[in-house]
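Quick heads-up: structures coming right below.
Below, chain A partners chain B and then partners chain C, in two separate complexes.
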Partner chain A sequence: MDVVVTLGSSVLLLASVYGLVNIGFVLLYRTTGVPSFVQGHLVMLGGIIMATAQQLLGGYLLPLLVTIALTAILGWLLYQALMRFLSGSEEFIKAIVTFFLATVVAEITILGWGQGGHHIAQPISERFDVGRAHISAMIFVTLAVLSVLVVLLYLILERTITGIRMQAMAENESLSIYSGISVHRLSALAWAGAVALAAVAGISYSQQVDIDPSVADIGLAALPAAVFGGLNSIPGTLVGGLCFAILQTGVNYYLGGTTGFLAIYAATLVMLILRPQGLLGSVTGQRI
Partner chain B sequence: MGIVQRTSIVAVACVILATQVWAADPEYKLGAIAALVGVGSYTGRPMMDGMNAAIAGINARGGINGKKINLVIRDDQSTGNVALANARELIADKQILSIIGVNSSLSAAAVGPLVESTQMPMISDAVPQNLLNPPRTGIFMANVSFATQGIAGVQFIKSLIEAGKAPSSPKVAILRYDSPATQSWHEGVVNEAKALGFTVVADEVYALTGSDISPQVVRIANARPDVMMTYSLLTQGSLLKSTFAAAGIPITTPQIGYNFVASKAFLGQFPDNAFFAPTGWNGGKGSPLEAQIAEDAKRVNVTADGGSFFEGYGIVLVAKAVLDKCGADCNRATFLKTLDNLTSDLGGFAFGTFNYTSNYHSGFTKLGFVTVEKGELVQVGPAIAVEQK
Partner chain C sequence: MNAVAGGASRFLLRTYATGRAQGRATKLTLAAIAYIVIIASVIEIESPVITAVTITAAFYAATAMNLSALIGWAGQPSIMSAALLLFGAGEWVILGSLGIGAIPSAIVVGASGFSLGLVVSLPARRLTGLYLLLSTFVIHFLIVEACDVAQSRTGALAGFFPKPLSVFGVQLGTDTDWIIVSVLFLGLTHLYLSWLRRGTLAGGWRVIKCGTNIASVVGIPVPRALAVAFGVTSGWTALTGMISSAYFLNVSYDAYPLLMAINFIAMVIIGGMGSLGGAIFGAVLMVGLPRFFTNVISQSTTWASLEAILFALIAIGILVFAPQGAAALFRMPGGSRSIFFRTRNSRSGTRRASAVPDGKVIALNEVDVQYAAGEHALRRVSLSLTPGKVHAVLGQNGAGKTTLLQTVAGFPPGVLAHQRGDVSFQLDGNSPPRLLHSTDSPSVRVAMGIALVPAEDKIFRGLTVRQQLDEAVHTGARRLGTKTHAFGLEELLKRFPQLPGRLDAKGYQLSGGERQQLALACALARAPKVLVIDEATLGLSPAIGLRVCESIRDLAAAFRIAVLLAEQNAVLAERVADEATVLLSGSCIYQGPVGASLTKSLRGAYLAAGPEDDAIAGSARRAE
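Our next item is the complex of A and B:
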């Protein structure tokens, strides 16, 4: 029982964090067509900004709001200062730029904050004891936050004019411009949202780890989960995150060592061969 | 001999003397290589802090043999090729007596053959085992080898048994991240545990990129160990603590780590006298040099804490001991010759005599263990005599 409880709570936290990272990823992919490799690094940066804000302001809620606001502004600026100039470029070029951007974010973070870990004090310390093991109440808070954000994102993308325009923009940027859609404003909005979501993921992850530059590696596991579930599907990335959290934890437990990572990458490769659009993703056609 | 000849000889002698006086450097020049960005900067930056603090202190106290130390710093960006380019540049500067630092084993491995072939002394805290055994010309380790630290860690368990913190036949669990360094440490731990008759009940490894160690920790919890041998990064204290607690392992279970974590910030996250870390450098609370180190750290606006800081400080003290003996006219060749036979207590900074021999280029004879008590880093028990392996 202890084993089930401990591993179960670990799976829930991991799946939630993967989910939070990936809905930001999907937001960018579905609205701007950019597969963003910088998401993991933004998770790390968001967590470090939160830790700094907490040191300066104290408490939890105010630093949280400040962090979300600052990271949203950062996302906006990232688009205006960099990604805007790639408007109309091939998807590959945009993806490569985010790849290099990840290195820039990592180096700036190290120069600004060093390599050390940053602790974020949690607002709730209650836990539920089950035998020798326990589940932290914060895991349920994280699940609730993830659920609210998923519903919110779904409503924005599917039920608002802005969301529909964002998706149209990803389908065909040039046509969107001719149709009078303000591509730059909407893209900047998507980047602001994606960076803020990454920060929320980092803050959630801080209940398990201190935030240091290695936290950026969460992107290495979250991205395959998104690919597995379907890059353009919010439910798909959530299912992918849950599958991978179970697979990674289970394989690590039963086979030991570092076999969990091997398992998730192998599963991603198999999925890409059998169903390239992912578990719940939809096939997108490209006019040539 | 006529007056003209005598005058000529005196004049030539004066010119030679004057040239030598003018040519004698007003300072000792050392070259540092450290990872200041990238993954190696976890240890490179604090090591650099330690080296800068030690040099600032030495210079402020008047230098060595009346000469100050000038440190030329190069960043290897956590990359072996860059470290090699750094080393070439430093070796080309004939005034540089020695390369110091080189905090990643990757960089030390890349630089090693070059310093060996050029007879450039290198004092590094991360020399891989294959460059230490057999010893190579010019390559010196200012740290205790990974395997030796594992062996000494298991030997330390005996003092926990004597103190009643572990049963006489303790069940030992091992947890480490995956790397060549931890592999060497692991071999030392397993072999020594076997030699002492301790049972290794769990032996777990995790990926550094994972950050979720629950499966490994649950397996350890199932084995109910009495003592843990834990090799983690300095930044993973919170991860260990939260995962252990979630899996039901009391965080009071004694843990013995690696010298990275010989830090007040890390050990202070655990209850007093619960987590122990080995260190070769006697810079903790109550040590003879405590005040001096703190003062030197203040000179360069850093905090004297952590295994890597003390390694950096210690590397400079090794260089200082060499320069003390090598004299004001020390050059690269005489520096190497002095380093090759160095015997010193480093002013009390090493726990015992620190000496390099022709058989082994790692100088420690004793290793101390530290923990945290009431928020202060303190040494536990007497330092353990180590045989370098």
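Our next item is the complex of A and C:
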């Protein structure tokens, strides 16, 4: 029972972090058509910026807001300075550029902050005891944040003119330009949102680990989770994240070591071969 | 050792020279001599750094060449090169420890690499682009994590130590041996891939790269060809991994990170995708430069980071500005995506706009359009549009109708067109005329009051009718600077009787006629002064087509919109248009009122049927 509670709470946290990374990924992929392999590194960068801001400013809420603002600006700049020149390029080229961006982000963090870990002090330290195990209250805060963000994203995409334009842009870039949609402005907005979401994911993850360069690997596991659930659907990426969190935590517990990673990549490969659109994805949208 | 080198050179010369065309034989002889010179001079220099760089670069170049072939010839992206090397290396660890010799092991490694390639190609049967990249991404981690787990299970935390390679009783041990073996292996790889390139197999890949549809029409079995493409390159890469592991004498999962796979892609990109020599160049650069910097400038980790950033930025720069590879930079002016072409295009912006004739809203003056690929789409076409009137553009497929429409509404993203002659736009008598450039994006033109309804894909399939109308009304209101304007949702719904009942239907659920109505309604909601419509009746029944045309005519008159309408159906066009232009191979052969003389020139245009490939070129361009 204690084991189940402990594992359950790590599954919940991991699933939420995957969810936060992936809604950023899906937002970017659905609106700009860029499959961003830099998300994991942005998670790490966001966490490090938060840790630094906390050192300088103290507290939790103020550094959090500063981090979100800074990372959103970073995303906007990233688009305006680089990604906008890739509009009209092949998807493969866009993906490879994000790989190189990941290298740049990784090396910049090593240059600026070194290889060490950064601790982020949590605002809530309450724990619920269940038998001999306990669950941190922060996990529920993270879950609440994830839910709010998902609902917010859904409302923005479906109910606002900006969201409709983002969807239009994702579906048919050429037609949306002929419809007078300013593609560059919306794409920059999507990048700002996605980078800020990655930062929120990093900050959430910091309740379990210190933020160091290896945190970037989270992106490498979150992406297969999105594929497993369905790249073109937000519920799909959440379900995929949950499945993978269970699989990874369970396999790691029973088989030990890093076998969990092996299990999720094997599951992704099987899914790609049998049902490439993922659990909840639709066949029609290769690039929705 | 010189005897070995000499024997090798004789072998290479014989292999290269037999049965090949004279020019190729000469070229390859030179290549062989270059190999010998490299081998001899590296041995002669006796510098451990240069030796290590040469051997590593040779193995990496062999890997990069296979990747270059896969990406550049077959158009299949892959980021599992590093994992394939590890795969081959790991197999050699196992086979070597079982006491199996080098040559049988090489055969096993090659064959298993080939089979692995076949498995990876399974998703490629149905998927392209990102999904394919993802499956190679997953394979990378599967292999690397499997090695990680194996290492932690067996306690081999520092990695496995494979047996040294011995061929025919000769054990490869010294650096000199390895220089000869690695450079010869590189030559062999080059030979193998060049042979592949000349064969029908690679020919098929190139067709697939142009488009799987074309390939299946030509009769190429796409899944099988792709499976073989993955198979042969993966098999050879695994073999490279096996041989190189015997040189490095250590196999550990952390020596094959994802970054290594990305670096292979960087090598291919630097050298130009599909170029074998380019891949060698990229490998030498990426292996050699860091060692050079480390030895000459600084050994600090800071420098290593700066260097990694520099390489990444260079690769990004090449991808953004010259995706054909660095080599393409040197032959830019004729290239299809050249930087020079872009700047030349936009420079014409400083000239003053000539006035638009009285009573007209837009005027084209001797406009000439040539696409970057070289085809001439429009030749000295002049045209002016009157508010409230419909101007039809007639002509066959490929006559230049869509291009003419795009000079008014703007060219789609990614299409580079070189335009001469002025397009001037004047909203009304009071505002100053404005010159439109070929680089002015369509969305800028929408804000000025020019809207386009394309021939195909004219609505968003995934959005509901209401969402699309809301969005368009919003754009129109912003353009006019008012919240309520003549084209509010209610007015639109009154004008388009089929739409009110379908407000919550998504685009893909609409019939052809409903799609045309929705597209027209959205265009109208953007409050245009000029409405450009491409093939309004395409795919509609004659009765519905006529109704659509009549509604276009009514809209033009009611809202004093100048309509430019491209139409294949001359009969329909004559019924709705006030004026017409007839195009033949990009030139205007008639311009004037609709009537008997139009009919006569049309007969001329259609009887003087242009060559068939013109029509194909036209439809191919439109498909883009």
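The rule is simple: the second predicted complex is superposed on the first by the 283 of 288 C-alpha atoms of A that agree within 3 Å, B and C clash if a C-alpha of one lies under 4 Å from a C-alpha of the other, contacts with A are read in each partner's own complex, and residues count from 1 in each chain.
The working rule: a contact is a pair of C-beta atoms (placed from the backbone, for glycine too) under 8 Å apart; a residue touches a chain by one contact, two chains touch by 3 or more.
Please read these numbers as outputs of a predicted model, since none were measured by experiment.
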Partner chain(s) touched by A:D212 [first = chain B, second = chain C, both, neither]: first
Chain B versus chain C as contact partner of A:N172, first or second or both or neither: second
Between chain B and chain C, more extensive residue contact with chain A: C
Touching partner for A:G257 - first (chain B), second (chain C), both, neither: both
Chain B versus chain C as contact partner of A:S89, first or second or both or neither: second
Contacts of A:L220 with chain B and chain C, given as first, second, both or neither: both
Touched partner set for A:A266, first chain B, second chain C, both or neither: second
Touched partner set for A:L111, first chain B, second chain C, both or neither: both
Chain B versus chain C as contact partner of A:S136, first or second or both or neither: first
Common interface residues of chain A - those touching chain B in one complex and chain C in the other: 107, 110-111, 220, 257-258, 261
Residues of chain B touching chain A in the complex: 37-38, 41-42, 45, 178, 204-212, 214-219, 221-222, 233-239, 242-243, 245-248, 265
Touch list for chain A against partner chain B, complex: 2-3, 6-7, 9-10, 14, 107, 110-111, 114-117, 119, 131-136, 205, 207-210, 212, 214-215, 217-218, 220-221, 248-250, 252-253, 256-258, 260-261
Contact set on chain C toward chain A in their complex: 77, 79, 122-123, 126-131, 133-135, 137-139, 141-142, 145-146, 148-149, 152-153, 258-259, 262, 265-266, 269, 301-302, 305-306, 308-309, 311-313, 315-316, 319-321, 323, 409-410, 412-414, 441-443, 446-447, 451-452, 454, 457-463, 467-468, 470-472, 474-475, 479, 522, 526
In the complex with chain C, residue positions of chain A that touch it: 35, 82, 85-93, 95-97, 99-101, 103-104, 107-108, 110-111, 161, 164-165, 167-168, 171-183, 220, 223-224, 227, 231, 257-259, 261-262, 265-266, 268-269, 272-273, 276, 285-288
